[in-house]
Amino acid sequence: MNATTAQLLAAVVAGLRVVDLGRTLTVGMPQSPNHPAYWHSLPRRHGDMVRADGGSAANDMISMGTHVGTHVDALAHVSQDGLLHGGLDAAAALQGGRYVELGAHTIEPMVRRGVLLDVPGTLGVACLDPGYEIGIQDLEATVRRQGVVIGAGDVVLVRSGWGRHFDSDPPQFTGHASGVPGVGEAGATWLAGHGVHAVGADTIAFERLAPGAGHGLLPAHRVLLVEHGIYIIETMVLDQLARDGIHEFCFVLSPLPLFGATGSPVRPLAVVGA
Amino acid sequence: MNATTAQLLAAVVAGLRVVDLGRTLTVGMPQSPNHPAYWHSLPRRHGDMVRADGGSAANDMISMGTHVGTHVDALAHVSQDGLLHGGLDAAAALQGGRYVELGAHTIEPMVRRGVLLDVPGTLGVACLDPGYEIGIQDLEATVRRQGVVIGAGDVVLVRSGWGRHFDSDPPQFTGHASGVPGVGEAGATWLAGHGVHAVGADTIAFERLAPGAGHGLLPAHRVLLVEHGIYIIETMVLDQLARDGIHEFCFVLSPLPLFGATGSPVRPLAVVGA
Amino acid sequence: MNATTAQLLAAVVAGLRVVDLGRTLTVGMPQSPNHPAYWHSLPRRHGDMVRADGGSAANDMISMGTHVGTHVDALAHVSQDGLLHGGLDAAAALQGGRYVELGAHTIEPMVRRGVLLDVPGTLGVACLDPGYEIGIQDLEATVRRQGVVIGAGDVVLVRSGWGRHFDSDPPQFTGHASGVPGVGEAGATWLAGHGVHAVGADTIAFERLAPGAGHGLLPAHRVLLVEHGIYIIETMVLDQLARDGIHEFCFVLSPLPLFGATGSPVRPLAVVGA
Amino acid sequence: MNATTAQLLAAVVAGLRVVDLGRTLTVGMPQSPNHPAYWHSLPRRHGDMVRADGGSAANDMISMGTHVGTHVDALAHVSQDGLLHGGLDAAAALQGGRYVELGAHTIEPMVRRGVLLDVPGTLGVACLDPGYEIGIQDLEATVRRQGVVIGAGDVVLVRSGWGRHFDSDPPQFTGHASGVPGVGEAGATWLAGHGVHAVGADTIAFERLAPGAGHGLLPAHRVLLVEHGIYIIETMVLDQLARDGIHEFCFVLSPLPLFGATGSPVRPLAVVGA
């Protein structure tokens, strides 16, 4: 066995803690109205059809968009002036009605170094204000306070504290009236400048959304997805990491390889020693 | 930073190889007719609605069962004589039309030691015969040949070679006429006796299916899910692991926490040193 | 040819006017959050796949509940104290996970006499107040004013004027905050007393909904569906009939025979001479 | 009241017979694999959530294409050389991802004279042979035998007898191996020459399908939909009409106004005197 494999398995034996960064998918959870809502039903429940030997199987029927719940955006999700990442013509990327190029099936599973940037922790608040734009100085102050280094290829998760509204106040979480705090064009450019592989946030759109403006302008998406090929993970659960001061971890993401789709629901993990 | 976390991150730096054990989800892929087929469409493509700044977003609409493509069975999937794992009454486990107890949302993400049992490798064939039951001596001979130990808490993947039919001959993969090779009651009991946490296979139902018999009897499901609380992962891609002789690895599975569902589509990973 | 058939075909030749009483199904239209929303996408558009001869076909993918848009409730929709219409045990009516008894497939197509009761026309208002209960005297005054007779087997459509909010103010149409005007227990009993076959309204739930109370109590559903086996049609378009003073007509309803379902989307018609 | 309305209502009083020409929609019914299959589940069954007053409502979740079960093709369904009916550019007909022009919502409800052409009745067989092309002489011989006249604006239903396979032998009904009897280019041109408004058949694609050829060439669709703007209704139930010798009737079709879709599931009716 390879030495690195042995090291990994030794870590498993030593005891790992897996912090779940994904939202439970439930019917009625907050989401953008632009996407088909998550729905679930059981066509067969136990007892509906029992085999002669007393066995019975229950099963499911699911209907959903791919940008609902915790999810990752594929590079095919956003175009600018008709072009996807790498200057690929958006029309040509589509074959037979699916994004053969840059679709969700092209997202490689991630087992990478992860970094949490706990911005409200730096600002000494529980949650950033609605519509607050996380600026470069917020990001740099957080890096300094936490004493972390962002390396090329890392996955950087930017916490705003806004996730607290997901369960308690769904309309507030989507924030159409109030706006939502997040990274804007400047912050996105700063993140891209560090050569990160993917970014994530505890909000619905990663971006700073202005009050009442909806999702009309998404500059961070343009910078990250189109200009730099950096994946975006949205609606993450980041409060546990912040609470426990876990700022560096092994980040794992295994998107469903949905052929030709523009994103995938995911359950991201932060893995650390127990 | 915790020493184990440091060890994990050192492994990341040293270089990892992530072997993808999941099938790409495509419309028309082989599956059991008992479940809603995977369907995907793009309600919005690039160009359908372009913002004033030249930006455009595409998105998706998905419809599917949870036991299609590569997937994991929740413990709520199968009952015997009206009882789920742990003697839980199947009717009582259901609240408001969903399996609040033992549903897919209760499957903890797995970062565990994984073991491949390459049975056709032991028998010197490319693929086991349709309807072949993988017996205890096959499993033991494979353990011996590979020189591996199965530990409590491991995830054990039993390869049959049958995955080769997935793309090339879908009706053969589902095997309604021919039958499918797999583990039966004896093999399942043997696996459970080793205290494994989950098992997987490169076939549609994990089980040995007799020719022409369909999914009428599923003894391994009863032994594993109901009697021992061991998760089952189906329709995996195991050929790459066998080809490269990777028999031990860090196994990662992060099922979607679908509230109250009986399973989840997944993309399992085998992580080793590069 | 049968004389009645000849009479029908003579009417066709003489010239018919078909008044459409159904809402166009569009993504985002107002509906109750209790039901899966209507979603539509084109998996294949023209040009995605062109045959050698220059032909191309486009097609669709739909996801929806059955109580969205204009729809009819099957008798299986509502139970009281565990019993459906006719004292049928609700659990026994379900076989293999569908309402084999009293499901939508058991609704016979309707070609019947239809009567519009234009209540706001009687009260001299454009639209009834939110939460207004249409009482027996409103119904009787409308019958008197219109000079119509309600016969056994007729389909009676009770207009409130509330349909005006469907397009212009969707949250108002669903009326969770404001309440919705409609028939209550007394009015439903009065309608049932006339031996009608089905009833309809231009509101989301037929019933009078109290402000802020949601769909928690549905007495008219109990009286009509459970106690008398009278079908209910909701979210109808009734303004054109009122505008043109069409109070009697040939009513046509052809629900989709969705096996075992609790309702069906429909496009009801009022047919009169041109 | 208008005299024609009175005539219609007199017919209702005299007694009508409504012959149901639609298939029951059931999970697993035969259909083309090109379209999302019909699926249905009950997210809520009676007893899942009972109100304080003992009332309970059950509801549904549906997923389907629009060209499954008995359905009507909108003019947006088929294009030839990039053009829809009327020379409309197929790309321009699409706005915001839906066929704003010629979509299913543009199909007016039909209350028209209907004519059955019982071709196997003319040929003295129970069912036409697989792959048999119904030619002009078959159509003309049937018109002669039945003593009917096809008028402009009529809806003409061409029976092949093939509907008998729908329930008893689903793969035979879709006929991928065997082929399916139906009208070809010549017959379609003949029908269009009579100025009919819509046509229908008891087969999956209306067309004659050659054995093993699938749906690769659809000349009747081109002639009818694209060249003449004539709607096509498929997978109808026509055996009852033939059995009872009903060759002329009042035909009713009320497609769901699915905005921008290429077709709609329907339940067509033939109405005659009782």
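The chains carry the letters A, B, C and D, assigned in the order they are written, with residues numbered from 1 in each.
By our rule, contacts are C-beta pairs under 8 Å (C-beta built on N, C-alpha and C of every residue); 3 or more make two chains touch, one makes a residue touch a chain.
Predicted, not measured: the structure shown is a model, and the values here were computed from it.
Asks: Select, from A-C and A-D, the pair of chains that is joined by more C-beta pairs in contact.
Replies: Of the two interfaces, A-C and A-D, more C-beta pairs touch across A-C.
Asks: How many Å are there between the centre of chain C and the centre of chain D, using C-alpha atoms for each centre?
Replies: 24
Asks: Indicate the whole-number Å distance between the mean C-alpha point of chain A and the mean C-alpha point of chain D.
Replies: 45
Asks: Measuring centre to centre with CA averages, how many angstrom lie between chain A and chain C?
Replies: 42
Asks: At least two other chains touched by the same residue of chain B: list those residues.
Replies: Residues 27, 36, 39-45, 61, 63, 97 of chain B each touch two or more of the other chains.
Asks: If every chain is a node and each touching pair gets an edge, what shape is that graph: line, ring, star, complete or other?
Replies: Contact map by chain: complete.
Asks: State the interface residues of chain C toward chain B in the complex, per the touch definition above.
Replies: Listed in rising order, the residues of chain C that touch chain B are 27, 39-43, 61, 63.
Asks: What residues on chain C touch chain D, complex-wise?
Replies: 1-16, 18, 20, 22-27, 34-36, 40-47, 51, 53-67, 69, 76-82, 84, 90-91, 94, 97-99, 105, 108-109, 111-113, 216-218, 221-222, 248-250, 252-263, 265-269, 271-274
Asks: For the complex, give me every residue of chain A touching chain C.
Replies: It comes out as residues 28, 33, 36-37, 39, 42-45, 48-49, 63, 96-97.
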